[in-house]
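Worksheet for the structure shown next.
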Amino acid sequence: MQGQSQQQAYDRGITIFSPDGRLYQVEYAREAVKRGTASVGIRAEDGVVLAADKRARSPLMEPASIEKLHKADDHVGVASAGHVADARQLIDFARRQAQVNRLRYGEAMGIETLTKTITDHIQQYTQIGGARPFGVALIVGGIENGEPRLFETDPSGTPYEWQALSIGSDRSDLRDYLESEYEEGISTDEAVGLALDTLAQTNDEGLTPEGVGVATITVDDEQYAEVPAEDLESILADRDLLATDEEDGDDGESADADEE
Amino acid sequence: MQGQSQQQAYDRGITIFSPDGRLYQVEYAREAVKRGTASVGIRAEDGVVLAADKRARSPLMEPASIEKLHKADDHVGVASAGHVADARQLIDFARRQAQVNRLRYGEAMGIETLTKTITDHIQQYTQIGGARPFGVALIVGGIENGEPRLFETDPSGTPYEWQALSIGSDRSDLRDYLESEYEEGISTDEAVGLALDTLAQTNDEGLTPEGVGVATITVDDEQYAEVPAEDLESILADRDLLATDEEDGDDGESADADEE
Amino acid sequence: MQGQSQQQAYDRGITIFSPDGRLYQVEYAREAVKRGTASVGIRAEDGVVLAADKRARSPLMEPASIEKLHKADDHVGVASAGHVADARQLIDFARRQAQVNRLRYGEAMGIETLTKTITDHIQQYTQIGGARPFGVALIVGGIENGEPRLFETDPSGTPYEWQALSIGSDRSDLRDYLESEYEEGISTDEAVGLALDTLAQTNDEGLTPEGVGVATITVDDEQYAEVPAEDLESILADRDLLATDEEDGDDGESADADEE
Amino acid sequence: MQGQSQQQAYDRGITIFSPDGRLYQVEYAREAVKRGTASVGIRAEDGVVLAADKRARSPLMEPASIEKLHKADDHVGVASAGHVADARQLIDFARRQAQVNRLRYGEAMGIETLTKTITDHIQQYTQIGGARPFGVALIVGGIENGEPRLFETDPSGTPYEWQALSIGSDRSDLRDYLESEYEEGISTDEAVGLALDTLAQTNDEGLTPEGVGVATITVDDEQYAEVPAEDLESILADRDLLATDEEDGDDGESADADEE
Amino acid sequence: MQGQSQQQAYDRGITIFSPDGRLYQVEYAREAVKRGTASVGIRAEDGVVLAADKRARSPLMEPASIEKLHKADDHVGVASAGHVADARQLIDFARRQAQVNRLRYGEAMGIETLTKTITDHIQQYTQIGGARPFGVALIVGGIENGEPRLFETDPSGTPYEWQALSIGSDRSDLRDYLESEYEEGISTDEAVGLALDTLAQTNDEGLTPEGVGVATITVDDEQYAEVPAEDLESILADRDLLATDEEDGDDGESADADEE
Amino acid sequence: MQGQSQQQAYDRGITIFSPDGRLYQVEYAREAVKRGTASVGIRAEDGVVLAADKRARSPLMEPASIEKLHKADDHVGVASAGHVADARQLIDFARRQAQVNRLRYGEAMGIETLTKTITDHIQQYTQIGGARPFGVALIVGGIENGEPRLFETDPSGTPYEWQALSIGSDRSDLRDYLESEYEEGISTDEAVGLALDTLAQTNDEGLTPEGVGVATITVDDEQYAEVPAEDLESILADRDLLATDEEDGDDGESADADEE
Amino acid sequence: MQGQSQQQAYDRGITIFSPDGRLYQVEYAREAVKRGTASVGIRAEDGVVLAADKRARSPLMEPASIEKLHKADDHVGVASAGHVADARQLIDFARRQAQVNRLRYGEAMGIETLTKTITDHIQQYTQIGGARPFGVALIVGGIENGEPRLFETDPSGTPYEWQALSIGSDRSDLRDYLESEYEEGISTDEAVGLALDTLAQTNDEGLTPEGVGVATITVDDEQYAEVPAEDLESILADRDLLATDEEDGDDGESADADEE
């Protein structure tokens, strides 16, 4: 019965304040983020690194179709965690904003401006009735005025800038790891390694080249580029992170998940 | 009483997050998919195969009117599972999108682009109030740039690419079978056989030519084509899958179902 | 009290999924169909037959005003069961669609196309908020390209093609009878007889010429035609179905029904 | 407490199906009809008769202002029972429809067409949200192509044609009386008498000329005409229906009623 | 607790039918009318009289600002009882209607037509969602074609014509008095006296010239005219109705009332 | 638990009638008025006086920013009590109305007309759904045709004219005082004194020049003018109302109030 | 269970009055403000000072991205406390208003006018349905006509002017401190010191230059300017407020907060 009345409570309603000043729907949307696999972002001296855990739930699923890393514009990448379909909406929104900026002002959109345009869009879904919040967090990374920038958007619509961060499952553990290992001034290549080390923290069996995705945008070329699987394999091998046993499929029903 | 209050809870409400970050309406819509009979999609070396269990609930019902396989465009087919009327809406949407693409750009729409246009449409029904989610999953298969592609859409609006998959009832068992039997590089003809083998896994009495539907789109002609009943009969016979007892009607009330 | 809280539950709400993936409002609408008297449709070799139980609830009521058989276009007839006022809405919708088709394309609308236009209209009322589903099922019969076609629409918006079917009360029993008695290749005249036999299955006192309605559309003239009462009387007499006792009125309150 | 929670249940909600396929709001609207005093309609050989119980609730109230009989067009009359203010809306609607028909087609609107235009209007209020059903039933009578026609509209929006009928309170008893006394082929004058006899069935103290209203539309002049009070008095006297004691006022609060 | 759940029930909801066919919101609005002080209307041979109990709740309140009598047009007056702010809305509506009529047709609006325009407006607020009914009753009196006419509008939107009536508190007692004392053919002057007698029935301490309002519209000049306080004083004195003790203020909180 | 379910009841809902004909939301809005500090209005022979208790909740708060007295137009002032933000909306509305009147008719708006325009605006928020009532009462005072006028608006939208009145906290006590002390024909200067005497009734420690506000509009110049603090100080001293201890700040949380 | 039903109550509903005249949603929004870290505003003789506690929740978070101090226009600054995403909406609104004012009138917008434009915007979200109130308070400070002005906006939409104030957590304690320490006529430099002293009241470990933000707008240049970190460090050291231990990160989950 408790389960019933509990569910009943959440099958209706809109986003309003609780007596202690919290927005439950936003907090529940944050739970949807935690249900997704982890993504990591690291700001290096000469670039930005985005990395994501994208293990497929079945060996028959195409790893490339698991959308965790997205190119938003030439100079901007986005890593997501949480409700996949919601992430797609925000990425599309970001792409349109970046395009409009290029058309209107003839130049690339700033990373901070783009991030805040996204968070303002997210905020609307937490205040105006008739829709639910977005169940996804994003790491927005890119080059602005020759400087690497790294931002986070959360379901409340708050923007934060980070040196390094993780979103999605095990956020707390991965952040502890990043706080202890991250050093200012590291190179993009070192940051790729640190990102993989971080993702490996909660993957006891190690990582596979197909099960992770890594993208970089460097100050040099200001181009979003995904690291090829063969390169990932050698990096993982070098760092002793390569999974020995590749059976990463799962059993049955749990393959029906909305979050990555 | 419990049944009452249970029903009461679901007779109202909109799609919002539960405390653990789930969207109940989307999960219930996924149950509607499981209530439908199975559909299977297999990507072969030289084409794509779609197959569906379409047993009629009465010998007086025209098997051809059981809509599980749909031609979305010359080069794209769709297999569905779940709420039939909802499937029709999505297929119509897909057809219009494909047509518009041809008119606007003078070329066939890519399979991935078409799939993501559908899933973005589905997502809207899970976030904006005033409507329920679509209670149907689709397998979208076709040829893009000379390559076979095979995608899935689910009620949350998430797109995934597969080598082989099943949707609808007994999804878990059929996927296990596909994972163990599917091999990369099989031909379209072999894939037709594998698709029928898969559907037969949960049909102990075997299959009938009228009770299944199979469609192929090959790299050669890029044309959606349904396999004729006579061909199906000989294939079923060859694979020893032909039902010996044809009485596949059912008794009474259960014929009133919304799902296939 | 139980009755109270039960009613309370259904006096509000919209059409959403239950945890097992069902749409209660659609299922309840299907109950409204079952509350209506039976209608039967049979596809013959050379035509289509629609028949309906249309017993008046009072001898003072004009049998002709009990709307169970409707002419949708010259070549299309519709038999209904369930909520009468809802049926009228769908018939009007069908007539407008058929008319528009003639005006726009200069030719009669196909039976299958017309049916699916109706079911897509019905589906909207099960997904978009602010209205309830239609509480009526239809049998749509007619001639398309010289071939008799026979379809069903239900409250979920699913279209099915049948050789022979019944809708409304006692559906299960009447379908059993049709499954055992229907034979492919029967003539329209034989189908008229079979339709009356079917309706008589659950009318122990027999039928009256005013208490039933029968319409045919044959391949020859492609014209919807209702069988005159005098012809019905002789047919009923020939088949020994004629009611001996004509007192078919009812007592009091139960005459206030919304369904036929 | 029970009364409270009972009321609570009906102070909110919209018109949707109950599990047994009924529309409670429509059924409750039908109760509003029963709360109104009776109206009777009789189709004679050469005309139509409408009659209504319109006893005033106070001797100071003008009987003429109790709206139970309405002229919808020259050739159409309407008798109502139930919620007075709702009846006025439907009568206004009918009048506008009849007027538009004359303007557009230059001829009087058919009685059946007019009735069905009204019932389709009523049906909308039972399916689309944001309003309640109409709490009134109408008897629509008139001359069409030289023939008397007599129809009923109920809160569900169902049209029926009758030889003779009653609506409002004591419907069941009055219909029994009509079924036993009505004979086809009676003249309009005889029908006036029968209508008054019927109304008198549940008025033990007899009728007064001011307490009833009678209108006729005959085939001869196709004009709605109300029978003058003096004629009514002599008819009532002839039939021994005249009330001996005229004190038909009521006591206090019950004068505040919405239904007639 | 009962009080709580009781209130809870009425703090939400819309105007729909209860199982016994009543509209609770309309009935509760009628209670708001009863909470207002009494108004009386009397139709005389040569005019119409409107009178109202308008005792101020404080000696500091301007009696003239207690709006119970309103001039709707030169030839039409309105007396109200119930929710004051609602009354103002309806009076404004009436004035605009009367003005438009003069502009459009160049003549004064009929009393009956004006009344029914008001009641049709009131009815809309009882059927269409998104607003509550009007909590006020009106007595509409005036001269039409040289004849005095007197109507009532209630919260359901029902119009009635009266010879004499009262609305507001003690309606039942005042009507009993009017029924026993009113005689057809009385003059306007006599009607003024009768109106004051009626209001005095439930004012044991008598009436004050400031505590009542009386307006007349006579056939002679067809002009709404309020009887001056000095005239009222002498009339009250003549009829021995004059209050001896003028302390008609009240104590504290109860001065905060929405109804008059 | 009671507190919980109590709150629950008022966190939703719209303004509808209770069974005894009351509008709870309007009555609760009236409670918001009582939560505000008192304002007083007095009509003198030669002008109008508005006064308000505007003690700051902290010595650091600027007394001038506590909005209790407002200039609506040159010749009109408004004193408010209750929800401050709501008061601002109504004052803005009043100012726009007064401005429009000057532009359109080239003359100052009448005080009565302005008041009724405001109350009609207020009434809309008590009848139409989608918004809550205004939680504020206003005293509107000014000069019209050379005469001082003084009106009140309350949350129900009822306008009343007064010789002298108070709104806000302790209304009942302050009105008793005014009823016993007010005399017709007093001068504006005497009225200023009476207004301060009245406010002092419930301020045991006396008043401070900053803690009260007084405005006058006299027949002579028809100009809204606030009495300077130095003048107030001497008047308070003269009447022996001056507070000896100025520590009028409060402790902590209670400074977060919406009402004044 | 209590927790459940408690949450249930706040997951739905709109902003309406409680029986004691309070707006719960506004009061809960005020709780959201208290969940944010403190901000302080002080009006000096020659300028305005805004200061904010902006400790990062992780050493990897960029302190500059914690938005507590905002430049609204050259001459106006805003400090916020509460829901960050809501604050951004209001700041954007303020900036657009200030810009429009410059474009339309060619001059800087007054601080009081700007503040009241913001509070009127806030009020709308507390009265009109379909959205929740803003969960943020603002301190708006700037120079108007050569004078420093300092205002507060709260979730109810009430504007207040202050000499010195704090918003956010520990408001009561910080205000006590300000009330005892603030002196009129202090210089901007002294006010910077007092602001830091105030923030340090509830930070036992002292403050860090990155963990606080201070901005000034002086009468001299009327330019919003943030105090550089190096200046802050020396000021903090001078006042003995500098934190000795810099480990101001937090542990895990609590980093997911919407408020600052």
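As written, the chain order gives the labels A, B, C, D, E, F and G, with residue 1 at the start of each chain.
Criterion: contacts are C-beta pairs under 8 Å (C-beta built on N, C-alpha and C of every residue); 3 or more make two chains touch, one makes a residue touch a chain.
All values reported here derive from a predicted model rather than from experimental measurement.
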Notebook entry, point to check: Taking all residue numbers at the subunit D/subunit E interface, are over half used by both copies (same) or under half (different)?
Noted result: different
Check: When the centre of a chain is set as the mean of its C-alpha atoms, what distance in Å lies between subunit C and subunit E?
Finding: 55
Notebook entry, point to check: If you average the CA atoms of subunit C and of subunit D, how far apart do the two points sit, in angstrom?
Noted result: 30
Margin query: Can you pull out the residues of subunit G that are in contact with at least two other chains?
Written below: 5-6, 8, 10-14, 16, 19, 24-25, 30, 129-130
Item checked: Arrangement of touching chains [line / ring / star / complete / other] -> ring
Margin query: Under the definition above, what is the set of subunit F residues touching subunit E in their complex?
Written below: 2, 5-6, 8-10, 12-26, 30, 116, 119-120, 122-123, 126-130, 151, 154, 156-165, 171-172, 175-176, 178-179, 182
Notebook entry, point to check: Can you name the residues of subunit D that touch subunit E in the complex?
Noted result: 1, 4-8, 10-14, 24-25, 28-35, 58-62, 64-67, 83-86, 88-89, 92, 125, 129-135, 249, 251-253, 255-256, 258-259
